[in-house]
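Here come two complexes built around chain A, the first alongside chain B, the second alongside chain C.
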Partner chain A sequence: MSTHVDTFSYDDAIVRKFLWATIIWGLVGFLAGLLIALQLANPIFNFDISWLSFGRLRPLHTNAVIFAFAGNAIFTGAYYSTQRLLKTRMFSDGLSNFHFWGWQAIIVAAAITLPLGFTQAKEYAELEWPIDIAIAVVWVAFAINFFGTIARRRERHIYVAIWFYIASIITVAILHIFNNLSVPAGLFKSYSLYAGVQDAFMQWWYGHNAVAFFLTTPFLGLMYYFMPKAAERPVFSYKLSILHFWTIVFLYIWAGPHHLHYTALPDWASTLGMLFSVMLWMPSWGGMVNGLLTLRGAWHKVTEEPVLKFFVVAITAYGMSTFEGPMLSVKSVNALAHYTDWIIAHVHTGALGWNGLLTFGMVYWLAPRLFQAPLHSKKLAEVHFWIASFGILLYVAAIYSAGITQGLMWRAFDETGRLAYPDFVETVMQLMPMYWVRVVGGTLYIVGACIFAYNIFRTWQARPKTYEVPMVSAPPLPAVYVDEHPAPVPAGAIARFTSAGWHRRWERLPTLFTVMVVVAVVVASLAEIIPTFLIKSNVPTIASVRPYTPLELVGRDLYIREGCFNCHSQMVRPLRHETERFGEYSKPGEFVYDHPFLWGSRRIGPDLARVGGKYPDLWHLRHFEEPTSLVQNSIMPGYRHLVERELDFDGIQARVDAMVMLGVPYGEAVRNAPELARAQANDVGARIVEGGGQAGMETREVVALIAYLQRLGKDIQQAGGVAAAPGATP
Partner chain B sequence: MKLVDVMSASGLSMYAIVALLLFVGAFVTVVILILAPGSAERHRRASRLPLDDDSRPAPQAGSDNG
Partner chain C sequence: MADKSQHEDKLLEHEYDGIREYDNPMPRWWLWTFYATILFVPLYYLLPHPFGEGDGNVAEYEASVAAARAAMPEQVAPTVTDEQLVALQGDRAVLAEGKAVYETNCAACHRADGGGLIGPNLTDDAWIHGGSPTQIHHTIAVGVLAKGMPPWERLLRPEQVNAVTAYVLSLVGTNPPNPKPPEGPAPATGT
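Right after this comes the complex of A and B.
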């Protein structure tokens, strides 16, 4: 072994940058959340401005808190801990900075494009294809920097936090690439490569694993580093942490289909999803116990140290949401909870509690170290802790009861066997008090976050003129592994095998380790995805289902642009109260031309899968102009701009062509889409005039959207499969 | 012939079940190995890694004026 010792320093400047980004984007994301909470409590807060309306801002809120706030928090903690755990500076300062500025640029791009209505309509994957490519590039830069750092490490053993980072980096890359495969139809418009059931499957394989590998595994990595640091003792059980890691990697990836119970997804897939989700409960609680018991013998410190308070409640919230999650994935519970606010309560336990509080605790711990000045005020940190915890409690309790209330009202029947609340809006009105409590809870959380920002800002103000850069020394790794502390090798082959020396060897071999993670993720994903994709019997075709006409296709794109799917589902489940309320349940074969699928995940408004023909065209026009003029108490935003804006008929051809590339049989529409669209628009315009509405609507965007809505659910009514849609007959 | 036709003809429907079995097998093995006795000392050392960072950049961290 060499006696040579390297002297080096850690790059904390990059950690400071990510820390500020976390704080700033956190505030932006929370405020966006507050605005959309207000919009649901009173639609006046949509301000009749297209880019401020609920459907456009809801994705902005989710993207801001997930990728901007939580994302930057992960990078803050990962850049700090990775260098120290591996005893080396990051592989390349240039890549670190590229990662930082690239990621912020992506966030800014998202903050501009989402309110403008550029969206792929897939939850947490809304960003359009040019931004998706940028994300992939920045992520690869991060991965190179990260793996390069591992390669240059001076500590042979790779601590469990780093494994969690590795699994996150790899899996997020795979998820992002496969879910976003699409065919562009212009710079800011694309159609998913997949359709209907497959697209839904891909999306929730992605969506669930985004929760797993963006909001769970990296934060567990942070927990396994910062909790021992703050408690000043090692993690309760290292064995348990290994177990936690492998079970999570093995099980999570299978759980996605639980988002699609009772939908047109094949039954075996959703049962599989349920099974694995229930199994996840065990390791998750193992992890929670491991985190909390790290405080063994140090519980008294919790009373004095706000950092530990934040960690304890964060880890408890992790435990609560990982108990609730498996429960929600049980089909019978899901039948009640799906499409309701219960799910919103569930994610906010996770996001506000687990991700939010863990981040705050981590930043309070880091700030004095990074800014080399004592924390401005511990008392303010305490105040933040109590306000935030109380805010979470209000939020979750209110929205949880809103969810249960609405779920029960939807399924209630009266003595005569009819729906007890046939008027959908009645079930919405019932939620209003709870929606206002949510506004209060959210406001408290934001007040806490402002106190936090102020506290960190004041700490920063007290920083020294120039930061001291401490030099660290450590011997380089010898080229050949030498076990410095050989454990006695147990006698007997089995005992040797089970002494887990083999696992230690893997841990020292990051490449093999990474390959194992990739194999685990890919095998599970393929096992789920291949059958739905490629076995025909899983998606029986229906002869009467035809592609959308060119006009309906643009109408559908407007539906996507306005984010209607954030409030409306298009998926009637085969449950009696649903078929009673909305009509025939949805079949897999109905969606074969839906690129992307628009099943939705939350019913703030009624399901629209069977809305075609329910109302005259004029009704829809008036409804878009001012929903409350037709339905008193409606909380749907008005869409006057759709009535004012001219429809871009010439742009239709590119859209149809992109669909044709995806294999949608468009027949004669291939060459004359705009003409066909004009003809159909004239029909709609004429019917509006006939009904007593204003003339001139046939050139406006609204006719396309009306044409689309009037088509929904129609195909399945065409017995015998006689073609109906003009212009779309293959 | 479309990709779907090729794949449906190739009898891949067993793939899900085979993968599932492989998976459960691998998983159970990992669990058994981790829980097996004999690795305590190595794990104890590994678990102390976050605490051996001897760059202490925090002046009076924890001491407070608030």
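Right after this comes the complex of A and C.
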């Protein structure tokens, strides 16, 4: 054994940077959430400003909370713990700082482009292609820095927290790249490489696993470091760590299709999504069990230590939402919950409870160590804990009841066989009291976050003039590994397997470990992706389905720009109450030219899959100008700017050309898209005048959107299409 | 699994930044529940609907539609005559109901006072689809899909359709301000 000892220091300056970014973006993300909650309670809070409308701000809220708040929290904890768990400074301070500033620049770019309406219309993957490329570059820099650190470690084996970081870094990169593949049609405009059913599949493969590998596995990594540190107790079970780690990594990937139950996605995919979600229940709970049981013998500390209080409630929230996830993925439960606020409540149990409280606890633990001063006030941290917990309770209680109420109203029939609540707005009105309670709950959570920020700020103010940089000593890893405590190898294959000696070996071979993670993720992904793309019968062709006209295409892009998909689905499920309410259920073949798909995930307003031809053009015009003039009590904001802005006819050709690159058969529109668009716009304008509306609309953006809406759901009613359901209700 | 007591809280040798781990076995309830969820997979494919997969979403949907039809045979709305509809105008309760139905469903396109907006003026003598009480009743009940007029009988009960017809009849001749110009022929019989 070598007697040589290295002396080195950890880079805590980068941890401090990420910590401040976490706090600042957290406040921004929460406030954006409060604003959109207010907009649902009263549309007056859209302020009649295009870039402040719900459709544009909802993605800003989700992106800010997930990638800015939770993202920076992950980096804070990972940069702190990785160095210590591997007994080495980060591989490169330069890469650390590139990662930090690059990530913040991406967040700023998101905060500017999303309100401007630049979006890919895929949930949590809204950012347009230049920003996507930047994300990939920064993520790769982070990966190089992280794996470089592993390569330089002075600890032979990698600890479970590191396993979770590895899985997160690898999988997020794969998900991000393959879901965002697209063809640009301008600097901030692109069309997804995939269409319709396949695009939906890829999106929820990504979307579900963003929850898994951005909001779950990295936070489990944080939990495995900060929980035993704060509790000063050993982790409950090493074997449980192994089993729940690998089962999470492998099983999670399959579960994405449960976001698409009863849609045009083929049944087999939907079923796999459900079954793997059910199997995920215990692997997820493995994290909860290991976290909570680590506190055995230390529960008395929870009463005195706010950090542990935050951790306990965070892990409990994790347990609740990972029970609820499998439950919601059961098809019959999903039929009720899908498109309602139930899902919103579910994700907020996770985000406010698990991610939020774990982050707060972690920062309270880190602040005195990073700022080298005692926490300003333990009492305020306690106050924060109680306010935040109560706020979460109010929020989710209100929104669970809202979701279940609306789900039940949608499916209710009266004794004459008619829908009991045929007026969609009536079902929205029922939710208003709950929406106000949510506003109160969210406000409490934000008050808590402000107290938190103040507490950390005051702690920082008490810091020493210059931070002390403690030097650490550790021997370098010898070239050859010698097991100093060889465990006896049990006889028998099963005993050898359960003794986990093989896994111990993987832990000292991080390259092998990483390869195994990649294999698990890729095998699970391909098992569903390959059949989705190759089996033709998944998407039976419908002869009458044609590409959108150039005007409809640009109208669709306006629908995307305004974020209409955030409130309106375009997917009638084969459920009797839905076909009664909206018309014939949606067929997979109807979406073959939909780059991207726009099925939506929440019905704040009615489904639009069959809205074509339901109302006259003039109705749509008046409705965009002022929705409440036609639909009393509507909470949709007005879109007067669509009526005022001139449509960019000349820009249409580039859009059509990009679609042609994706294989959409555009025929003569390849050459003269603007002319075709102008001709169709003139027709719409003339119909508006004929109906008694104002002249001059044919040059405005609104005509394109009207043309698109009037097309929706019409193709299968043409000859050669599927026969329409006998008289659906309006 | 090895005997529980033997393994209880035995610390493993390794240590990371002060963090130790126990060699505890996985909790039995946890492991057995996990096995049960795995067993659920073959069971789900074997069991019939509603416990298992069944024939798929579309088949289930079609069965539910057929079941609903069987339970609720097509109701033929009782026919109404011109005289009955005219007589309903004298019933204040019916008119009040008709007004409520009108304000919720019709006012958006025909204006609250019936003067016409996106839909035609209902207060003049001109009727695009016929101006007799039963013709108006028919237009409301069946709709004019090509022009965006929905078939209201699917949403409204027969007595509600009658009531709103009576209310519309009561609007004729009210001369609201700024009406939409008359569309369609005036009835040959005159007023």
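Things worth noting here:
What we mean here is this: the second predicted complex is superposed on the first by the 709 of 730 C-alpha atoms of A that agree within 3 Å, B and C clash if a C-alpha of one lies under 4 Å from a C-alpha of the other, contacts with A are read in each partner's own complex, and residues count from 1 in each chain.
By definition in this document, a residue touches a chain if its C-beta (ideal position, glycine included) is under 8 Å from a C-beta of that chain, and two chains touch if they have at least 3 such contacts.
Keep in mind it's a predicted model, so treat the numbers as computed, not measured.
Look at A:H157: by the touch rule set out above, it reaches both chain B and chain C. When the two structures are aligned on the shared chain, A:P374 is found in touch with chain B, with no touch to chain C.
Of the two partner chains, chain C is the only one touched by A:L630; chain B is not.
Of the two partner chains placed by superposition, chain B and chain C are both touched by A:P234. Once chain A of one complex is fitted onto chain A of the other, the partner contacts of A:R418 are limited to chain C, with no touch recorded for chain B. Of the two partner chains, chain B is the only one touched by A:W246; chain C is not.
Once the two complexes are laid over each other on the shared chain, residue contacts for A:W619 go to chain C alone; chain B is not touched.
In the superposition on chain A, A:A543 contacts neither chain B nor chain C. When the shared chain is aligned, no partner comes close enough to touch A:V137: not chain B, not chain C.
Within chain A, the residues touching chain B in one complex and chain C in the other are 81, 84-85, 155, 157, 159-160, 225, 228-229, 234-235, 238-239, 241, 243, 247, 485, 498. Put simply, chain A touches chain C in their complex at residues 81, 84-85, 87, 155, 157, 159-160, 225, 228-229, 234-241, 243, 247, 262, 267, 270-271, 275, 278-279, 281-283, 285-286, 289, 326, 332, 413, 416-419, 422-423, 485, 498, 573-576, 579-580, 585, 613-616, 618-619, 622, 629-632, 691-692, 727, 729-730.
Residues of chain C touching chain A in their complex: 1, 11-14, 16-27, 30-31, 33-34, 37-38, 40-41, 44, 50, 53, 56-58, 60-61, 64-65, 68, 71-72, 75, 103-105, 107-109, 116-118, 143, 145, 147-148, 150-151, 154-155, 157, 180. Chain B contributes residues 2-5, 7-8, 12-13, 15-16, 19-20, 22-23, 26-27, 30-39, 41-51, 53-66 to its touches with chain A in the complex.
Across the complex, chain B is touched by residues 10, 12, 81, 84-85, 155, 157, 159-161, 224-225, 228-229, 232-235, 238-239, 241-243, 246-247, 250-251, 268, 272, 305, 368-370, 372-381, 468, 470, 472, 485, 487, 490, 495, 497-504, 507, 520, 523-524, 526-528, 530-531, 533-537, 663 of chain A.
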